[in-house]
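Order of writing sets the chain letters: A, B and C. Residues in each chain are counted from 1.
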Amino acid sequence: MGLKSWVVPQDKIFFELFEEQAEIVCEAADHLQTIFTDYTDIPEKYRQMKDLEHRGDAMAHRVYEELNRTFITPIEPEEISRLATALDDVIDFIDSGTNMLLIYEIEQPDEFMVEFASVIRQAAEEIRTGVAGLRTLNDPETITGCCIEINRLENQADDILSKALQNLFKTKDPVRIIKLKDIYEHFEIATDKCEDVADVFASILIRHT
Amino acid sequence: MGLKSWVVPQDKIFFELFEEQAEIVCEAADHLQTIFTDYTDIPEKYRQMKDLEHRGDAMAHRVYEELNRTFITPIEPEEISRLATALDDVIDFIDSGTNMLLIYEIEQPDEFMVEFASVIRQAAEEIRTGVAGLRTLNDPETITGCCIEINRLENQADDILSKALQNLFKTKDPVRIIKLKDIYEHFEIATDKCEDVADVFASILIRHT
Amino acid sequence: MGLKSWVVPQDKIFFELFEEQAEIVCEAADHLQTIFTDYTDIPEKYRQMKDLEHRGDAMAHRVYEELNRTFITPIEPEEISRLATALDDVIDFIDSGTNMLLIYEIEQPDEFMVEFASVIRQAAEEIRTGVAGLRTLNDPETITGCCIEINRLENQADDILSKALQNLFKTKDPVRIIKLKDIYEHFEIATDKCEDVADVFASILIRHT
């Protein structure tokens, strides 16, 4: 039995909020790529990232508030809450990784950061597609495809991290190692959080299709 | 529909256990502030923290045991288990952050540690208020207020961490950086765990008010 | 009421998959001990670990797929999914800790790594026993015993970590500190993930016995 038949207008709010969250995920991932392409004015560009993070936060809180208000929800309340949290976590780790460029006064991004940004951007796109598919759930194959692709991208991020660390420890400069290791790990965790989003997608598919 | 009407005496045990857990959270947060105010005799003071951590552990296990015994629970078994775990996590991260003062042989706390301790102490108080409110759930606004305040404090801890790291990397002493970064991060995670407690509060409010 | 009465043949697949996952946990833990006993040919030995990790991944995905296919499951779908994830996480952290031996070009394991491997191996055995007990749930005491033992082992891993860090910081070599701290922490997290498995055991016992 599909979900479509019993979705009533008032419930659409959740899909709209998730779509806005996914949109912010994409904008944050885009912005990260922009930062690495034109690595100037980092404090100003970080302020823009922080704005996205605040918009993401506000959106997640609107989901929790709506859950308080809505008696019947289209998806299980727990899944709604897990999805809002997971989407928010993706944004948070893109934000905190970017913040570290500033805190650690990184003068130039390296090839590994650029690779992470590209993987995150691709995963963000899959998240947008997957979230859009939740509205009707009439094409579970597309959502399953997003989950598989996000998993593949997360594995790719693991490999980038291994490669980046192996390269980093050649430098023998401990302070530099501490800084870059922390940045790489934050971006890698951003892709783990994308995988959490995919896990909620999978769990919604299990229950509702 | 409020919860009050169907709470039967045998179920009160959960509220009592949560209140004892919240009490230990407050005692641990207090003890952390005491340690930083009078930074002497750290091994002995850490033993007292470890005692609190063991009392917290024992209390969390009593919750799980009671869940095994009790057929009908006032709140969903899952929420009871999540709340006990989240409260225990707060205590664990206060404990492990404190333990690092000892492991890393920190000779003096710095202003950032003192700020973290103050934020943790305030969040602990909100947790105590929130837990007390669960018993009757007849004042959801107070619990919502605790959630908002804990979220604010968690954001404040994020800012302290940024500031602390920025300051730390001026020292150029890598071993010192590794040690203090680890301590700061543990205290920051303690406030993340306070936010997990607030998330369970919010989810209990959704279901039961 | 026990679970046994309503387990139908088609549901046995989950127990079989969990037993295979627990088997891989044991093999990975064994392999880690072998690596430390005969610390040669690490790239080749790591390839074998990675094979185990891939087998573990495939098994976890089969659980999720079966959940998609099976209408009635013996245990709650959520617990099935949490257990598969927790077992997979144990394997992942054994794998990633081992991977770091390679990335960081560790020339010799130390006594702490050997102690971690021993604790992980013992916890893996408890996991195997606990998973085997899930099939009929007619001996809850045994599973409870596994949970207690896994908790004890996790505490032991905490103590090994404290001792290992205290020892490590005597070296004053920051790059070495960064590398070994990371490896120790990964093995300690592997035991945290064993505790997550035990938490799912406990939660299954709560609902089904």
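FYI, contacts are C-beta pairs under 8 Å (C-beta built on N, C-alpha and C of every residue); 3 or more make two chains touch, one makes a residue touch a chain.
Because the structure is a prediction, the values reported are computed rather than measured.
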{"item": "Rotation in the CA alignment of subunit A with subunit C, degrees, nearest 5", "value": "120"}
{"item": "Copies subunit C and subunit B - interface residue numbers shared by over half, same or different", "value": "different"}
{"item": "Between subunit C and subunit B, distance of the C-alpha-averaged centres to the nearest whole Å", "value": "27"}
{"item": "Multi-chain contact sites of subunit C, meaning residues that touch two or more partners", "value": "174, 178"}
{"item": "For the subunit C and subunit B complex, residues of the former touching the latter", "value": "162, 165-166, 169, 172, 174, 177-178, 181, 199, 202-203, 205-207"}
{"item": "In the complex, subunit C residues that touch subunit A", "value": "64, 67-68, 77-78, 81, 85, 99, 103-105, 174-175, 178-179"}
